[in-house]
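For clarity, chains are labelled A, B, C and D in written order, and residue numbers in each chain start from 1.
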């Protein structure tokens, strides 16, 4: 029997989706789902939601809810982390302080000054979880959904013996979008996608074994509605020749080309028809809106009658992975794992997003080789900056944080070194209480 | 519809087994099986055998037989090679010449002076096959069963764009033997096995996720019948702490420890109860015996009434791989592939035997990392010698052949450098007609 | 007896200085100095200058002048290249076209759009020289002074068997400036400087064996005249903690931080007291001025009476190197050589600037290891862009040129991908006649 | 003023030679020579010898002698180690125990079972010296002459921040012998020699810039007196094509080819005319003889009148290195340093013997690249075995010692795995008191 611990179970959408998927696997239908959160109200809602899924699906699974992390972790086989450190009042400054200096952020959960400070805060509770795992479930694997994915996973992977794999749906999401664009049934598509989280590249994309890039190229160049759906990523494709994962909005803040001038934001990051073309502070605004309305939504959702389609398996990787670990079908996905000569021109030991096969013997990462130079240069820089931020956190060295941010493409396109120093200091001052790993909070 | 070409289809046992397996997969049951051999008599027998399998299994598959390799290869999806260069009168000297000098060989198909000369002969028809594949079926993959596996595959892999993967059943064979020794159902066993063909090491061997080496250790040390089953490999395990693939006989000729003195051969290589404890020229004698009797055996076999158990799927990898390539279940096996930082302390580009996942997108090799030193030293030496032999063949340099043989463990344990030179020259003289890649046949 | 060929001998200042130094070494005083240029007028002046040096110094050296490159190269021991492809009317557009798009260049001889197009033009005559060397003096070494140093040397190093080493005085120049700042006699200073040409970092800088960075730090922070002498490089030091080679003006165009906004150019690149604080098109204007006046200067210089101080050895590396190659004192300098695991976090095979020892057995490059991350990120990006430009030239692929420029820090800080495409196309159109390696001159 | 500590100053020959050389350098003539030994009698003799050299040479140098290591090390600039752990009664068993099993050793100071046990004993006092250096002279460099060179240096280099470089004269010794063979003045010879101590290969050997291997080849093949001078090494050259360092006797025990059969010892290791053709226990017998006679020799030597030739500088590296470190002429030598991608096909971090340049900034190791395969295979194996022995000592793991010895070429050519186990256990039992790093002394 399998015990699955959900740390941060109050991330209600995630918990719902993952439990729904888990219960579809016969091998897992009698699992113990142990929900943990630091927020008792959200935890209670999470439990109710899971109970409803179990009841409607008529599964023998058990659910537990606890505020005690050790209890949730005790003898778990798999641990899922979907935590968020603090409310919007904690992390709004990740976005708002850079904006004061002219660094215009869309999401801020991955890299750049916003992502780095989110990492510096979040690594502390994540390390606590992992240290508890070493005590209470040393054999368990950690499947992490918390962002910033690459920095958190790498920082964990090099400080614990626990197997940590990061999961993100952006790889299959983009792959499905491209299939739709060229009219291909998704099951006829193969691809090799590799890089780092939110900056992975489709090195191959084939329809029935034949290179489908010419079709993608044609779709982008000849069909305005497709160009408009992902303006930033399509522009990147047109320049670099390979398609990249994650939304246009996210990508617009990971490089130099789109957000450094207001006219470019207006041109490239505003009117796209996809879910996140690149508006300033898009996700922050969403969260601020949700904070007012989430309880009503949750109640409504709990009252809703579930149909069979609500119990169907979705596309998130976690349940497939747990099923494979317990002896079910082998499963291949794009995971965030330590770079052991997998991508040979990214730093050894960095957290890379590559194809991974999982079976009952564990995770088996697939060798990719060199990224082509047109994808490698930006990815190497991003990964190198992340390495600096990780090492800065481990060493408690604020200067290394500053130097990391100095190289962030968007920041570097907008500010001088002196201005970056000022911005970094303001970010340190705002976050001081969440950063015990630093003795000094200025540079 | 899938076309599968069998080059060397006159290897009747192999052809029978592979076809039987292929026909068990619904995706492949209408395949075209194109048999080719240079020996018309054997080819005719092979065709009859396949026809019988198709008929008994009531499959829509088609069989063709041809002496024309181009015809067999034309538009094939998969090519299987099970060729043997020459009759026993060709290769008996690989065994008999070294014996004259005191180098006592048991099989001689893998490495050492016998294996190197077998390679130098066999690479020529193998290159011809691959050059034809480039012309007639450039998209096809080559699954090679011909020995010496590592040298042939590496030599091909670096000289063609065709995907070449070498297959050998010794990994799962040994894994099953160990499971039996410890009383574990094989489906509860996981292992990581890596190295080079016939010298791969079970770096992990687990029963239900728990290290089973202590059980293996106990079995070998306390149960004489188990010690006796694989004396050479058990001695290697007792010294080195990891179990190795392939029979004791094979292994006895790959290192310094067992065949250099008659008393050691008597003690370690003679009375084992496994299929090949290590007798001098064991396989050569088998073949010589078969040459007299094979036709009767074939006839008898063709006349035999097949039962349902004769149509059941076996454990050879090839059919599972073809099924996965055509869109069936993903499949993990130990394949012989180019070392792209997969085993980080073996030569880059050498042919290594590591876990490989195959699906419709192709082959995905799994990263292993460093072999532990107790396994690495011998394997590095073997692989380094193989690299020299491969490069010697490509460069047509007989001196490099000599230098490779100088380092062969068994040879080096027995002979002086001058004696090795003499033996090498005699082997060159005997094989001269089969080695057009060399202008000079002495050193 | 040593023959030294000067290709581009019409670079009168260089030729004068190098010959003066050469004649100070007893081992070289009877050398044959073979001057070659494509401009007969400049060549004649060069010859007169050398004759004067020989005469005044009373050396047995011989001088030859020829328009025929083959004649100059025939049996040379050492070849010096100081060529410039075209007059200012050829290369002014490297500076002026980017300026139209907002990319404000100070020198434009190293990297960025200007440096890349200078490379794409200049590699053609440089390859011609090297091909002639293969014919006429295959044992000779090439000491290159022509820019862009790193791209030219790397492109040559991977296409010829001739030993090519690039020389630049910026390493010792900066080292002497720093010594002066801290009041240290230069002979008491040791340093390890490594990176790529014009972007190498003083990883160690010691005065009598003790780290002198604290003294440098104090000088920059407390003495305004020192801060003002190298504003850009001092700002880089204050952020990154290591000092970089070459002038502030050069450096201001190699990164994101100084030239993307007019106010930053005004603040950081205008009023420095060093030789090149960073004015727009500084070197172009110098050359345009010189084109009007050089003949008068040359005449004046030739008429001038030489004193003993005019015959003293200077600090350029070339003469010391030639002396060491001919059996004189071993000499250590910073040379531009292929990266053979010398700087372990820059691309293997790129041209790196590292300590090199030369003696009569040739060049021996010193292992450096990893650049620290604060120096590595920018240098990796620069080197990666250079690799793309080199490969673009070899492959004749204009798209790869565009992609290289897309990643240039200054360009990327100012322009969108579409704007960069337009600028690249204009540069291609302007240079079309000098770029026979490309079949297509637009992207 | 320079302080040089001699640890093991009772190695009278070494101390005499090194002091004589040191005093020839003006920069060092006022050095303080601090002699330390654990044997007061030998120490007293050493001091007298040094005093005589100082007096005869009329130098201002000072000599001190002490039994207190801390006192000798205090504020030293350079530390020289020439220690020997124990008398012949300690280490005779390194030779005599293997002989009982049939492993016939000539010297036993480098590798193989004898060398490994010598290492396991000697690393303990060497670590003590280095720990004291960390306390009493943390800036000093350690120049080690104690054997086994590669294992001791590597074990120290990875466990201390002190710079440790190993010195051995076998590289220049062999180079001079080869020069003599071909009639070349040594100053006209250049070479590149690289590998590991006592197994380094002349990758290039040039006379006035031209490959001199054809001349060496001819000398060996046509002149019997030259063949006879170094039979073992000449046989190795004839097979492998590159010349190796150290005497024929030493080399005869580092591989499989010469000492495994009595007839081969008789043929190759007995009648050579060089200083050590390969007699059983040659050095042990020398030491045993010296133990009876050394005092008389020392007295005689001290009474001898020194002539000017007795004060001339010799060829040992140490004095040249110290002079360079103190600001004298840069010096290139073959040193034993950590492998930082210097020899790219030997283990990273192993102790390799490569060209090193020393100047006042310290040691600068020269990149070599791959050893050619004909040299690499044996050297990789030797280095891999050494790595195992080093790690065994650090981990206190006797099993890893056994596994290391299992792979020793000579041992593996002669014994079975079970016999090697027995021999290893006997060596452990004999050495138990000197091996505190092991808790268990059997396998």
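In this section, contacts are C-beta pairs under 8 Å (C-beta built on N, C-alpha and C of every residue); 3 or more make two chains touch, one makes a residue touch a chain.
Since the model is a prediction, treat every value here as computed from it, not as a measurement.
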Common touching chains of chain C and chain A: none
Both-way neighbours, i.e. chains that touch chain D and touch chain C: none
Centroid distance [mean C-alpha coordinates] between chain D and chain B, Å: 45
Centre distance in Å when chain A and chain D are each reduced to the mean of their C-alpha atoms: 56
Chains touching one another, given as label pairs in label order: A-B, A-C, B-D, C-D
Residue numbers on chain D that touch chain B, as the complex places them: 235-236, 238-241, 255-258, 260, 264, 267-268, 345, 347, 373-374, 376-378, 380-381, 384-385, 387-388, 391, 399-400, 402-403, 406-407, 409, 412-418, 420-421
Touch list for chain B against partner chain A, complex: 139, 190-192, 204, 206, 209, 329-330, 332, 340-342, 344, 355, 357, 359-362, 364-367, 369
